[in-house]
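Every chain is named by a letter (A, B and C) in the order it is written, and numbering of its residues begins at 1.
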Amino acid sequence: MNHFINELIGYRTALYSTDFLLTWDHSEGDIRAVLAVAACLKELHRQGKSCRVFDTGLAISIFRDNSTRTRFSFASAANALGLGLSELDEVKSQVAHGETVRETANMISFLAEVIGIRDDMYLGEGNTFMREVGAAAEEGHAQGVLHQRPSVINLQCDIDHPTQTLADLMHLKAHFGSLESLRGRKIAMTWAYSPSYGKPLSVPQGIIGVMTRFGMDVSLAYPEGYELIPEVVERARDQARMSGGSLTVSNSMDEAFAAADIVYPKSWAPFHVMQKRTGLLHKGDRPGLAELERECLAENAHHQSWECDEKKMASTNGGKALYMHCLPADISGVSCVHGEVAASVFERYRIATYRQAGYKPFVIAALMFLTRMAEPVKTLDTLIQRSISRALQER
Amino acid sequence: MNHFINELIGYRTALYSTDFLLTWDHSEGDIRAVLAVAACLKELHRQGKSCRVFDTGLAISIFRDNSTRTRFSFASAANALGLGLSELDEVKSQVAHGETVRETANMISFLAEVIGIRDDMYLGEGNTFMREVGAAAEEGHAQGVLHQRPSVINLQCDIDHPTQTLADLMHLKAHFGSLESLRGRKIAMTWAYSPSYGKPLSVPQGIIGVMTRFGMDVSLAYPEGYELIPEVVERARDQARMSGGSLTVSNSMDEAFAAADIVYPKSWAPFHVMQKRTGLLHKGDRPGLAELERECLAENAHHQSWECDEKKMASTNGGKALYMHCLPADISGVSCVHGEVAASVFERYRIATYRQAGYKPFVIAALMFLTRMAEPVKTLDTLIQRSISRALQER
Amino acid sequence: MNHFINELIGYRTALYSTDFLLTWDHSEGDIRAVLAVAACLKELHRQGKSCRVFDTGLAISIFRDNSTRTRFSFASAANALGLGLSELDEVKSQVAHGETVRETANMISFLAEVIGIRDDMYLGEGNTFMREVGAAAEEGHAQGVLHQRPSVINLQCDIDHPTQTLADLMHLKAHFGSLESLRGRKIAMTWAYSPSYGKPLSVPQGIIGVMTRFGMDVSLAYPEGYELIPEVVERARDQARMSGGSLTVSNSMDEAFAAADIVYPKSWAPFHVMQKRTGLLHKGDRPGLAELERECLAENAHHQSWECDEKKMASTNGGKALYMHCLPADISGVSCVHGEVAASVFERYRIATYRQAGYKPFVIAALMFLTRMAEPVKTLDTLIQRSISRALQER
């Protein structure tokens, strides 16, 4: 296990006592450190060893959207490190009754180590909310209200989905052998047809935001009108230039798939629709929202050919591109009539998508670990040397 | 405490790394091992000692029906062994939104030790769902998705309710002194009138499925038409023959109660009604369901005499049969006008029914222990020798 | 930390194995012991030390009203001491389906250490419910159903809100230096206007019920008709006499504020309205309830001048009274048009109200500690001497 320690020393991570909201706000060393710690915790778990670094303490989660996998990943990560979980359920709680964010942020944080937030419904809102919570915790700590300043971890916002995309990056690292071997590989991040509406932009944005940093040729494709947030695309373009990779944007799924090493076909709602939707939601304009959904689904229906089918897969590098999805996928003939991916393609990569998802609990645990441990190298070393079994019989 | 260890050695249990879904799928040695471990954990708890065998790890629960006592029993068992609890709430989660069972089973299991499921609403569905979850976890583990294969524990399905009936068996063992002393005793498992509709068959089926294995004379009685699943009754009949006991089926509550040592009067819906109901539910036929409920309640109303009253109790062995119920009971004049049991009878056995319920957390803990510990004898011995107090002051 | 131990020795607390429902049911020594233990646990937490005294065990919470801060305070306290949390959600559970309180109380208590209850909606109900739960647990323990008798902790009822008012008392102790220095200080507990209706009486009643025991001059003021429960006011008057303080009741906010050292302006519903409301609720009289709400809001509207504004604050001792609120406050121009407090006043004391709230998790932890630890002095000493860090890196 010593190579994890040596890796971590090299990255000189500066995540202690910070929030983790957007991957591009953190150095490449920090990203690599997250992956190294996540891999180390995963290996400890595989060996039946305990990853417990907290005797007591709370991990708070705020979910403003439904979620199975991220909810369980967060719960799993908290438990693995020894934290108790407390969910702020906004229906049960009084947040909906006019409390201000900064007040609530302090009220839930007296014994908190981390606050995980998922807030991806409204463009321009989720990330802002996370920053407000972080700022409130910061003020509370500075003013002596809080003994410690909990770290805010983005579990998906309107801009990025870092715990997903870092799990995706770990999956690619494992699949291709190293981060270095990703250099020059082509990844197709494409829109795909779905009979549903209003899926967040955070996954495609997060993918182009992280993969462009590792020298990959990122090919973003979507039907005309399905743009992402322009600033995020600009940022990705800059990163690609700096890393020696590239970012290509087109309106052709075929172009994106051609000779790709990795394909990530996934539905999302157009940026301008999401903007309009947020406005209507603020006004409480229900007829307007219904009309927007109707229009948007009608527009979607023109693009049913944006399906990841066998023909498109055959055009990838050796016909064997790695198919990725953050799950759940809309599978044609399985979960819907026409969807994002053909059933035969999905079934071939089904186990691979499960494996992809399996990195997420450890990525979240690594983010908790690195934002909370003042001396992560020393602590990780202690954890490895201690080597306590999770179950009594092996002690 | 050593006799627990000696007992356990004798049973040569093979529960490690299995699911526990139906009592009759497991050997008598396994059943006895569950009771021995449960009794040992209960005694440790009574003495203020810790039963903690896990440093970290998750117990996942999936409740597809309301539940207070089983929910708290599961939470208590998990906590006692050191596991964190994560509930898959199907309203909050995305299971209802088209995810397949096998995908969800993997997504919730990355750090899980056990998955407890309650799914008793639809005949032919609950047990099937549990087997699908188990199979998906099996595949996930075989394919390297999961580091370990969590055990599925049946917290009540359409066929059996093993954590209830094993708690019931412990209660009888404690009441009569030993499992051996149950031999030749008569237990009346009877239908009883309730103003409600659609109660599951799992308790009566589970009771005849387990009590026939210990040489008891099981007398099953219900009004004409209130049959149980035929295969379960056949299985119980075979078991009675092999154990030297008997299974009698009649349509007379008086016959069943006559000279009984134990009575278990409880309402359930007829097998054929539950079958019809499942069909209507699949079709989403709401008027059909309402009509079925109306018919069924009208039919129920003909059988208000199926009440466990003082007269019937007087006909039992010495007038002192042990009254049992899985709770909550429909008590005439208390929780309803006419119900399963007369108020005076229930009040006399009220504390006994609480004591009966009190075995359940330890039965569930024993199932977690035996399905997860590779060397249960050694681990239980370590736990006893370690003898850590639950609270600091006694350390 | 030794002064906490010496303090605690002096108070000869008798809280072990009791419930904590009303502050005035417990001796001044017990109240002081709660504050001493809470301060000690808070200091341990501030230093990054573990307060864990339980290896395993459950803290059960029953919330019959929405709550963010009390819910999180209870969860935090349980976690800090090493207890797992299990919430009895009355929607999910079967309590609403006719189970009797005494049955449920036993069913949830098999492995419970404490039961925290919030039930403040109906006058004459909440405290009664808590006593019923306590009595049921008492019976269960006496009858051998429960290995141990869990302690019931009042998290707000119709009569008192002890975890709030003891946190308030800690806040005052910290602000003024000692409990002794509160002697002779004037505290104005006043009604304040709010556009909402039906707020519980527990905070004003709890405040006059505790502050009169420490020699303070308590000035209670409300518009005519907004009386509190008469018995509670009588009790407070007796206590004031015995402690050398005073209780003044008036219908003038200005009188109460004049030269006050502390002001606690907060809305509540009149006693007689709450009585009428409970009756209507029992009858399920929806039109009657709607009419009562309409009347009550109309009556409230006559008292918009009962706002804690800059002018009133200027009339306090040196213009610098400590403003207190249990949060969330109705802030004029922020959370409503006209409310309990002017925005500028609230903003000046905002951080102070957060600090006030910050004592609550530790007060609850202290109540858990003192009602569960047979030898609290010895256990607290062990905890201090042990001095384990919460996080691994500092071990």
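The rule is short, and it goes like this: a residue touches a chain if its C-beta (ideal position, glycine included) is under 8 Å from a C-beta of that chain, and two chains touch if they have at least 3 such contacts.
Keep in mind the model is a prediction, meaning the values are calculated, not measured.
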Pairwise touch network: line, ring, star, complete, or other: complete
Size of the rotation, in steps of 5 degrees, that lays the CA trace of subunit B over subunit C: 120
Centre-to-centre distance between subunit C and subunit A (centres being mean Cα positions), rounded to whole Å: 40
Multi-chain contact sites of subunit A, meaning residues that touch two or more partners: 52, 84
Residues of subunit C touching subunit A in the complex: 45-46, 48, 50-52, 63, 66-69, 71-73, 75-76, 78-82, 84-85, 327-328, 334-336, 350-351, 354-355, 357-358, 361, 388-393, 395
Of subunit C, residues touching subunit B in the complex: 52-58, 60, 84, 86, 88, 92-95, 97-100, 103-104, 106-108, 110-112, 139-140, 143-148, 372-376, 378-379, 382-383
